[in-house]
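Two complexes are shown next, each including chain A; its partner changes from chain B in the first to chain C in the second.
Take a look at the complex of A and B:
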């Protein structure tokens, strides 16, 4: 039981890391909280659902399709709205209102187009095998989803630490003004960050039916809350801290479900409370500030 | 004998009082006779256009709208108090599955729109806020599917449940079935809401009476959608019957997780396949549902011999013609609430809320609709309809329902 819980927690935690990492990337670069994060994830989930049910496209392929589409959408949203927000007196507050509005619009349109009925992808879409890990049997969809999450997270790491654009992104995350004065095209970097942030959300969306059960147009707000908890646990503004946050969240959720299921809902709020009480900057907060 | 001035005065006073009383009563009678019938009967209701209850609330609302349209096409509903047909007007607000929003809107329907009849939204969660508001405003609440047992108390005459028995009664047949078939290792998992908790309480009490202690008994938050670890915990207890009480948004991931885990239980029971079969089948697949058990409701239970409203087959035909979609149980529940309102207005002596309630009891136990027998307890709870236990059996590419136990 304990071993099963720990491994489930790690698999679920890796997915949670992917769920939150895009939100943290956008916050790190632009200092905006994307309140529509969960709604973009939901769009990714429905994209994968329709790709699978209408054309038989595997959700693993949908992860890639979702990412490409969302990078474009993210860049378009950035150039259409964000520079105007940045010119305002209080861009952070306005961005909250803006993304809340986007969230409401996405949800309303999704209800119209997708209806409110819960949908789900056949659990065998990512394979029917059962994997034996430390003597415990795990469904293939969980193992494959966790592996895809790891690949996506490694790609984010590679982008941030081994590409020119990634260096520029980290510079903007450190100080927007200093990055701009050193000749970095802040808008270009931010547009990429926005696109990649939404792409990661949509990638998580394609895998969400396997971890979160059925998908509905109104799932977004809960996911935004959970993602926000995850990134605060890791550290706001540090995308890789999200991995730690995700793993802690995943393990805590599974332990609660195994041993005190009635209280499982409290996990994100309890963790948030503890982190804010004992380490308000997040577990990797120090690393970010002095990087 | 000479009359004293005092006696004369008192006789004059008494005569005056009698005359005044006669005049007043005459005026009252004249007023009652001359009271004009309202131009329309307003029915206020809420629906969840989005949120977790939308997929159940919208069909219930569709069923009610279907009934209103049917009545208006015939010139309105007959109201006994006015001896004429009066058109209906449905006023509906979208509560977005939020009980806080619903509370405000129920108040608005009563105090601002001044509706004649109040119909609650789907389910116990969205009805729970309506119950005290209706009681406070002395407004009869027509409750189609809010089956929480705590809504029905002897000191609240302002509620009437139109479909389904109170949720505490639901597991009666299920418990009997489990006991009769000698299931000794029962695992129970249920959601933390009034609807599921009251069922769990009843089931546990009945099992206890039969000296059966569940091998697994845990509640989970209603928002639970990841059941993999929970199913693993259940499997570890080696049960022969697994009972899951949840809403459809729980049943779908639960059944999927069971399929994905490769777990096999001798008996697996969930609630909502009996109410929203096509929706759950679409998500879980025939193989995920085949062999499982549920409470079947209309249209899975077909009542064509009715003494009021359309029978099941006629309703299905008319509903499909009108909405271009096949009805599910909640469409039936919405329509059935309309039928109860129709019969109430046909029997009422006025539009006063207690008059409406009195009218309900004139046909309680006598009206049989496509939803079954309509019978109210003294507290307004539904006791006419019963929920049998059925097994879903694979038949060709689909599923058929086989009732295995009925009380």
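Take a look at the complex of A and C:
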């Protein structure tokens, strides 16, 4: 039981890291709280669902398709709205309301087009085998999803630390004004970050049927809050800190579910609350960065 | 100083007369009751966000606490309903004192922190392990004290108090000091404003409002579930109404509530998804073109808005 809980917590935690990392990237670069994060994830989930049921495309391939589509959508949203948003008096607060509006539009359109019926992708879509890890057996879909999550996170690391765009992105995260004055095209970098952030959400969406159960148009807001707790536990504005946050979240929710199930729902919020109060910069944060 | 008070008073009278008279014109009392609930909550958000700049996403936590505290006082301790509502308001204030460390956070951190706090209260109240006290997820039944007319009148009184408080804040040194803190806490402190105290008073006040409103709401609908009174949409409605009308004014939340909530009742109940779509688009347009709300159309021309 203990070993099983630990391993499933780690697998689930890796997925959770992928779920939060896009939100954190967008927050880090733009200081915007993307309240529509969960809704973009939901769109990714529906994308994978239709790809699988209509064309038999494996969710693993949908991850890639989702990401490409979302990079484009993210950049479009950025150029259409954000420059205007930045000119207002209180862009951070206004962005909360703005993304809330986006999430309402996405949810409404998804209900209209996809209807409210819960959908799910077959467990066997990512393989039927059972893996033996430390004497415990796990479904292949969990193991494969966790692996895909790890690959995506490694790619994010590569993007941030080994590409020119990534250097520029981290410069913008540090200080927007200084980055702009040293000749970085802030809008281009931010548009990429927005695209990549949404792409990561949609990638997690394609895997979500295996971890979160059935998909419905209204699943977004819960996912947004959960992703928040994950990135705040890790540390806001530090995408790789999300991995720590995801693992802590995954492990603690698995432990609660195994040992005290009736209070399990409380975990993300309790963790979020405690960390906000005692270490607002997150576990890896060095200084408090004012949001 | 005199003219603003008079125009504020006019808004106050019109709103209260509207709610006092309307039920005899159009007999859907529940509709007007809900409108009053949202208006009072929007004014509570206005006090906190409009004047101090803290956006309380978890505002519904206070509303739900008020509703539950009032109901438990009525069912378990056999308080008369009005006393129960006052107890609900006080319970909310106690919760806000417990949560006051949240005020150390700012911006988005505060918004999300308060959201987490309200969800925690919800999961504690609705937990099956506490079924002996709160009846867990199975809700509350107050049918034994159900008096829709009395509770309607009580709600008008609460709304009058709330509007009065907002008019006072809008026209007083206290309100000015809050706005100074919102703009720049350090300079405000240098100018002799007691930053922590003033901020905390605004926070307790808005919690008290939500608690009283929650208590009255519980009494009026009399049968409800934890999901009804801890519904995150309640905070979001209150916030959006306030922002749509225009913060830091008495009139803004009133306009926002009448326009958006009226609209919601026209099409939101029969066609929720189309309402949600139009609502979302309205919010996007608002953010892009009228970031300071409807009242900014008048304000921009140099007119005073109460």
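In the analysis below, the second predicted complex is superposed on the first by the 286 of 291 C-alpha atoms of A that agree within 3 Å, B and C clash if a C-alpha of one lies under 4 Å from a C-alpha of the other, contacts with A are read in each partner's own complex, and residues count from 1 in each chain.
The rule is short, and it goes like this: a contact is a pair of C-beta atoms (placed from the backbone, for glycine too) under 8 Å apart; a residue touches a chain by one contact, two chains touch by 3 or more.
Please read all numbers here as calculations on a predicted model, not as lab measurements.
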- [ ] Using the superposition on chain A, decide if chain B and chain C clash or fit.
- [x] clash
Open item on the list: Tell me the contact category for A:3 with respect to chain B and chain C: first, second, both or neither.
Closed with: neither
Open item on the list: Is A:130 touching anything from chain B or chain C once the two structures are fitted on A? First, second, both or neither.
Closed with: first
- [ ] For A:108, select first, second, both or neither according to whether it touches chain B, chain C, the two together, or no partner.
- [x] both
Open item on the list: Let me test your reading of the model: by the given contact rule, A:120 touches which partner, first (chain B), second (chain C), both or neither?
Closed with: first
Open item on the list: Contact-wise, after the overlay, does A:265 reach chain B, chain C, both or neither (first, second, both, neither)?
Closed with: both
- [ ] Classify the contacts of A:154 with the two partner chains as first (chain B alone), second (chain C alone), both, or neither.
- [x] neither
- [ ] Scan A:68 for contacts with chain B and chain C and give back first, second, both or neither.
- [x] neither
TODO: Considering only touches as defined above, state whether A:76 meets chain B (first), chain C (second), both or neither.
DONE: neither
Open item on the list: By the touch definition at the top of the document, which applies to A:89: first (chain B), second (chain C), both, or neither?
Closed with: second
- [ ] Identify which of the listed stretches of chain C (4-12, 220-228, 256-264 or 292-300) has C-alpha atoms clashing with chain B after the superposition.
- [x] 220-228
Open item on the list: Per the definitions at the top, what is the overlap between the chain A residues touching chain B and those touching chain C?
Closed with: 107-108, 111, 262, 265
Task: Residues of chain B that touch chain A when the two form their complex - done: 49-52, 54-55, 58, 97, 189, 192, 218-221, 223-230, 232-233, 236, 248-249, 252-253, 256-257, 259-262, 279, 282-285
Task: Parts of chain A lying in touch with chain B, wherever the complex brings them together - done: 1, 4-5, 8, 12, 107-108, 111, 115-120, 122-124, 130, 137, 139, 141-142, 211-214, 216-218, 222, 253-254, 257-258, 261-262, 264-265
Open item on the list: Looking at the complex, which residues from chain C come into contact with chain A?
Closed with: 49, 53, 55, 57, 101-102, 104-109, 111-113, 115-117, 119-120, 123-124, 127-129, 232, 236, 239-240, 243, 273-277, 279-284, 286-288, 291-292
Open item on the list: Per the contact definition, I'd like the list of chain A residues that touch chain C in the complex.
Closed with: 27, 31, 33, 81, 84-85, 88-90, 92-94, 96-98, 100-109, 111-112, 221, 225, 228-229, 232, 236, 262-263, 265-266, 268-270, 272-273, 276-277, 280, 290-291
